[in-house]
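Both of the next two complexes hold subunit A, though its partner changes from subunit B to subunit C.
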Partner chain A sequence: MNLLSRILYDMVYHTTPILLCVLGGLFAYKAGVLNIALEGMMLAGSFIAVFVALHTQNTLLIYLSALLVCAVIGLVFAYLAVKKKGNVIIIGLAINMLVPAIASFILQYMGVPNLTAKWVNPVNFRFDIPLIKDIPFLGSILSGHPLGTYIGLLMIFVASVVLYKTRFGIYTRVIGESPNAATSLGIQANKYATWAILIGALCCAVAGLNLSYERLGIFTNGMTAGRGFIAIAAIYCGKGKPVQSAMYAFIFGLARSLAINLSVFAGPISALFDIIPYLLMIAILAINSAYEIRNYRMRTYW
Partner chain B sequence: MKSNETLRNILNSVLPVLLALLIGAILILAIGENPLEAYGIMFGKSLFTLRGLTNTLHAAGPLLLTGAAIAITFRAGLFNMGVEGQLLIGGFMAGLVGAYLHIGNPLLHKLVAFAVGASVGVLFALIPALLRAYFRVDEMVVTLTLNYVMMTILEYLSSGPFRDQGAGYVTTPTIDSSAMFTRFGSTRLTPFFLIALLLFGILWFLNTKTEFGYKIEAIGKNPEFSEATGLRVRKSIIMLILVSGAIAGFAGAGHMMSQEYKYTLSFSGVTGLGWDGMLVSLLGSHSPLGIIISSIFYSALKTGADNINMYTSIPKEIVAVIEGIIILFLSIRFLNERFGLLEKLSKKKGEKNEPAL
Partner chain C sequence: MGTILQTKDLTKKFGDFTANDKINLTVEEGEIKAIVGENGAGKSTLMNMLYRQLEPTSGEIYLRGQPIEFNSPRDAIQHGIGMVHQHFMLVPSFKVYENILLGTELAHDKLRFLVDHKKEQQECAELIKRYGFDLDVNEVVENLSVGQQQKIEILKMLYRNVDILILDEPTSVLTPQEVDELLLQLKELKAQGKTIILITHKLREVMQVSDSVTVIKKGQIIGNVKTSETNEAELAQMMVGRKVLLTVQNDHIGQESPEVIYTVNDLTTNNTYGNIVVDHVSFEIKKGEIYGIAGVEGNGQSELVKLLSGMMEATGGTVHYKGEEITNLWADELRKLGIAIIPEDRYAQGLCKEMSLSANSIAGSTTSDAFKKNGIFDFKRIRQHCQELIDHYQIRIAEFEGNVSQLSGGNAQKLIIAREMNRQPDLLIASQPTRGVDIGAIEFIHQQILDFRNSGGAVLLISSELSEVMSLSDRIGVMYKGKILGEVDPLETSETEIGLLMAGTIPQEAVVYEK
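Let's turn to the complex of A and B:
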């Protein structure tokens, strides 16, 4: 593999967890609930996947348990945020603190620094897609990924269709834009908001599972390293539109891939490459916002 | 009505704590330990012995300040989630001043370190403040992200250029003794706690007795109206985030000079002093007295955790779990404003609650 296709393959590889979080999280964003717990939910998925993988080699069971646990966290979030009308930012922060705390509690109790499912060989999870792998250049980039990546890529289309072509999607967007109008039309805002949060939680489960189980077979605490927040930024940058938001996820993936592939040439300072995606994200947010408010002449506060 | 409201505020803070302790107890039971014994050790050793109590007060110093740093932005409806990062850079830079600038005079050395710590806190807070005020970028997203940036940078600096080569682990050199606070007798308490209290008092005064505090309150309640009546909301927002950053940086510097003496990768503890500040502020419902009480309570929880580790086999991470649960419950209001307190107490479940904040 030459350097370019190596970088692009890694871009897809590093985009996967962010992409899944973005596509799941944008439903809640569209429903008017800011879910900053993506990070914690993803970490929960990572933890449970490897934890279950210690005991079984059944991939289906591993997937199901990660999905189940994240769904429970999603339900807790939805109950407090939607039913109890709690402050979503505080709930999100609490979940982001609680998940690593519980994980390190269990790790400490088990007396291990991290979880390693020794039987996992990440190469075995990667498989080729029959037709796509034969396309000359693109094939080497898009093919040969684990299941989670394909789910992520597929989700771009699924999310677009669900959000814009189904009743569920339209209602979800309506309650985000104007909750009162939605209620006056008899739309059960709480129900749709809850489902939107749940979809996010399930996608985070797959994202976390991809990060720990499919890539390494290892869980270390804090391994999500802010990817959930990058996902939130991508959603913000793309204003919750699936294709645009996914595009931003790929930009962040590219930055990460560049950081890793170019670190060979840079030496010890390469540790600092890791901050590029974050700075890039802040820059994009600022430019986006500046572009939006450029014609705003009224004296205002925002 | 006023006293009723105060009581409700207190209950709204106490109930989540009790519930979280209950869930923590179930967790302790689940791993086959005695929760009563664990909590007994935790609070007994941290509040009811002189040594424990002074340790608790000592650890409450930085919490008091990070709590205040978060509370003042919260009151204006802003979310400075970057307190953790601002505290880290403040502590780190104060550590460099302490270790590399050999100012003999103890007072001057500390003053310089404090000044540097607070200034870098301000500089770091300048990014979200300007982005928020001039580009309308959500300060919460920016500050959350910048925490990661700062952690990565400091990890690089402390393990690369500024590493103490003599030490067997990643750390910066120990600060000069002229930059260390002296302890009171055999306790761990240092004058820094008093300085923190004093600063906290000044902040409280600024907040409640001056025009500045009034502006904050007004902006928090209704920014459009404040702007319409002629308040420069944009300027106030910048000011406020910068003040918050300064306090956080100051707290970091104080933590460096009174407790850590060098920058290690675990400088701000398991949960992070900035995040602890968030809990302290929420628990004290952003009021001065509330923050004092909750910072001491939370500090007791943390000092107690070390004892738990020493006397039982329960992982000390239990405290982080309890902290998370407390914050989770603090997000909603258990008792709301519309109903009488006693009625609510008798049937507090299954009611529609007012949104928190």
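Let's turn to the complex of A and C:
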């Protein structure tokens, strides 16, 4: 593999968890609920996947347990935020702080610095897509990824169809844009908001699982490293539209890939390259909002 | 025929406040029932209970003699009760057909979980044709005029085959022509057998279309009359509880002098989406003159006021006041120059609801030394000032030390007017001065504006109530799509002519001074 295809392969590889978070999280965004707990949900998925993998090699069981735990967290969030009308920032923060705290408590209790499922060999999780792998150049970028990546790519299509072509998606957009219109026609906002949050939680489970189990077989606390927040930034920049938001996810993935591939040449300062995705996030958000308010003539603060 | 809808002792309380008190309403099948009452009388509350959007505190509703048991708007629609709300319930980014079918989407023949957009478009196009409306199903709602949006709301209900159609203040946002069109459409629907409940506070419309009228005041029914046996004056008296002047006495002879005090020249700005919303607007106001701006809401009046009151920045053009350029000055600078401002939304821009009456009474003058002693607020002096305003302008308050939130809409507006007029300005910018204000206070506010004009003041009056602009102004500019399309003299023009201008056409034979 030459450097370019290496960088692009890594872009897809590193985009995966962000992409999954984005495509799941945009449902809540469209429903008008700010879900900042994506980060915590993803970390929960990472932890549970490897934790279960310590005890079993059954992939299905590993997937199911991560999904289940994230679904529970999602339901807690939905219950507090939607049903009890709590402040979403505080609830989200609580989840984001609680999950790593529980994880590090368990690590400490077990007396280990991190969890390692020794049987996991990430190479075994990567598989090729029959036809696509033979396409020159493109094949080497799109093929040979773990399952999570394919789920993520497929989700771009699925999210678009669900959001624009099904009742569920239409109602989800309505409750976010004009909740009064929804209630006046008997569309139950709470129901759709809850499902929207749940979809986000489930996608976060797959994202977290991809990050820890599929890629390394290792869980270390804090390994999500702000990807959930980067996902929120991508959702905002893409206004919750699946394809646009996914594009921003890819830009962040590319930044990560560049940081890793270029740091090889950088020697001792290579660690500095790790800040590229975060700098890029600030830059994109700033440019994005400068662009949005370019026509703003009001003197009010908001 | 017979009674189709009846309520028995229907009551709604919001906390301690009784919005509807033992309402016994009877609606006959196939009639147009008008419900009138001042703002805040409880009309919308009553209708929202009939439509099951609000749960009654006590009392019953009977539909065709049966007590109703259903509990949601969705069920109400299924039982044939539909409602068009005062504030539209549309999804702005959705297309016309998506809005009409919202909640009853048509499934794809084979893939049942998908929505068949093609089929939806066809079905809506047919519906629109059947009822003789004029709409493009594929238009995005936010690009449509208010009148068109209202048609979507009505179609939404017609698609669902309702027998009873409730319309909550449907005409307040329409041009006179659109109002006439709507009233005709309502008569047409009545001819097709629908029962219509029309809520309004415009008595002319009541007289024009309704069969019977119910008057509500402070949450209670105070009269049921047949339209053929009453008249506007009687209804107005029932609404307010005393005799009222339906039109203010305006002799149209201020002390109008040739001296121009305020000149707006080619003023232009854009909204957040980059669209020009105020488009090269120019006009002059002389001393002792009321310059009115009419137009359907959303044609740039709101932005024009924001520009002129320092809340928004102009991208082009100038404003001169007493020969001095004041373009893009801030509100406090404008006030210092002797310009008084009655803003469009009294709670967002005119008052701070959660602060005391006295604090609100000096808003805009906080830098003035008159209210300070050694650089610190002199609260005794401020309270005294507030009390003077309350006495002089007859503001009805419950508690002097309380917050502005205790005031009714009319009295809150009076407080703003008192505060602004007390500064003895030379120019008054009044935007929607009587919106949401009861009839009694309207009379008072109109008189204040006329008195100010008669004493030599200049007034810019922006209002979406055409009758208000017509009866007060000395000259009227009509705004359409951000431009002042034409200027008319209220003494020489008719509502029809202004209506045409409001809809964007310049009438041929009218006395219009084209801009």
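The criterion applied here is as follows: the second predicted complex is superposed on the first by the 302 of 302 C-alpha atoms of A that agree within 3 Å, B and C clash if a C-alpha of one lies under 4 Å from a C-alpha of the other, contacts with A are read in each partner's own complex, and residues count from 1 in each chain.
In this text, contacts are C-beta pairs under 8 Å (C-beta built on N, C-alpha and C of every residue); 3 or more make two chains touch, one makes a residue touch a chain.
Small disclaimer: the values here were computed from a predicted structure and weren't measured.
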item: Partner with the higher number of touched subunit A residues, subunit C or subunit B; value: B
item: First (subunit B), second (subunit C), both or neither touched by A:Gly86; value: first
item: Contacts of A:Tyr278 with subunit B and subunit C, given as first, second, both or neither; value: first
item: Subunit B versus subunit C as contact partner of A:Asn121, first or second or both or neither; value: neither
item: First, second, both or neither for A:Tyr236, with subunit B first and subunit C second; value: first
item: Touched partner set for A:Lys165, first subunit B, second subunit C, both or neither; value: second
item: First (subunit B), second (subunit C), both or neither touched by A:Ile293; value: both
item: Partner chain(s) touched by A:Ile102 [first = subunit B, second = subunit C, both, neither]; value: first
item: Contacts of A:Ser184 with subunit B and subunit C, given as first, second, both or neither; value: second
item: Contacts of A:Asn2 with subunit B and subunit C, given as first, second, both or neither; value: neither
item: Footprint overlap on subunit A, comparing subunit B with subunit C; value: 292-293, 299-300
item: List of subunit A residues in touch with subunit B within their complex; value: 36, 76, 80-81, 84-91, 93-95, 97-102, 104-105, 108-109, 225-226, 229-230, 232-233, 236, 268-269, 271-272, 274-275, 278-279, 281-282, 285-286, 289-290, 292-293, 299-302
item: Subunit A - residues contacting subunit C, complex; value: 161, 165-167, 170, 173-174, 177-178, 180-181, 183-187, 292-300
item: Residues of subunit B touching subunit A in the complex; value: 27, 31, 79, 81, 127, 131, 135-138, 140-142, 144-146, 148-149, 152-153, 155-156, 160, 223-224, 226-227, 233-234, 237, 270-271, 275, 278, 282, 315-318, 320-321, 323-325, 327-328, 330-332, 352-357
item: Contact set on subunit C toward subunit A in their complex; value: 53, 72-75, 77, 83, 85, 87, 89-94, 98-99, 102-103, 105, 113-115, 117, 269-274, 306, 310-315, 330
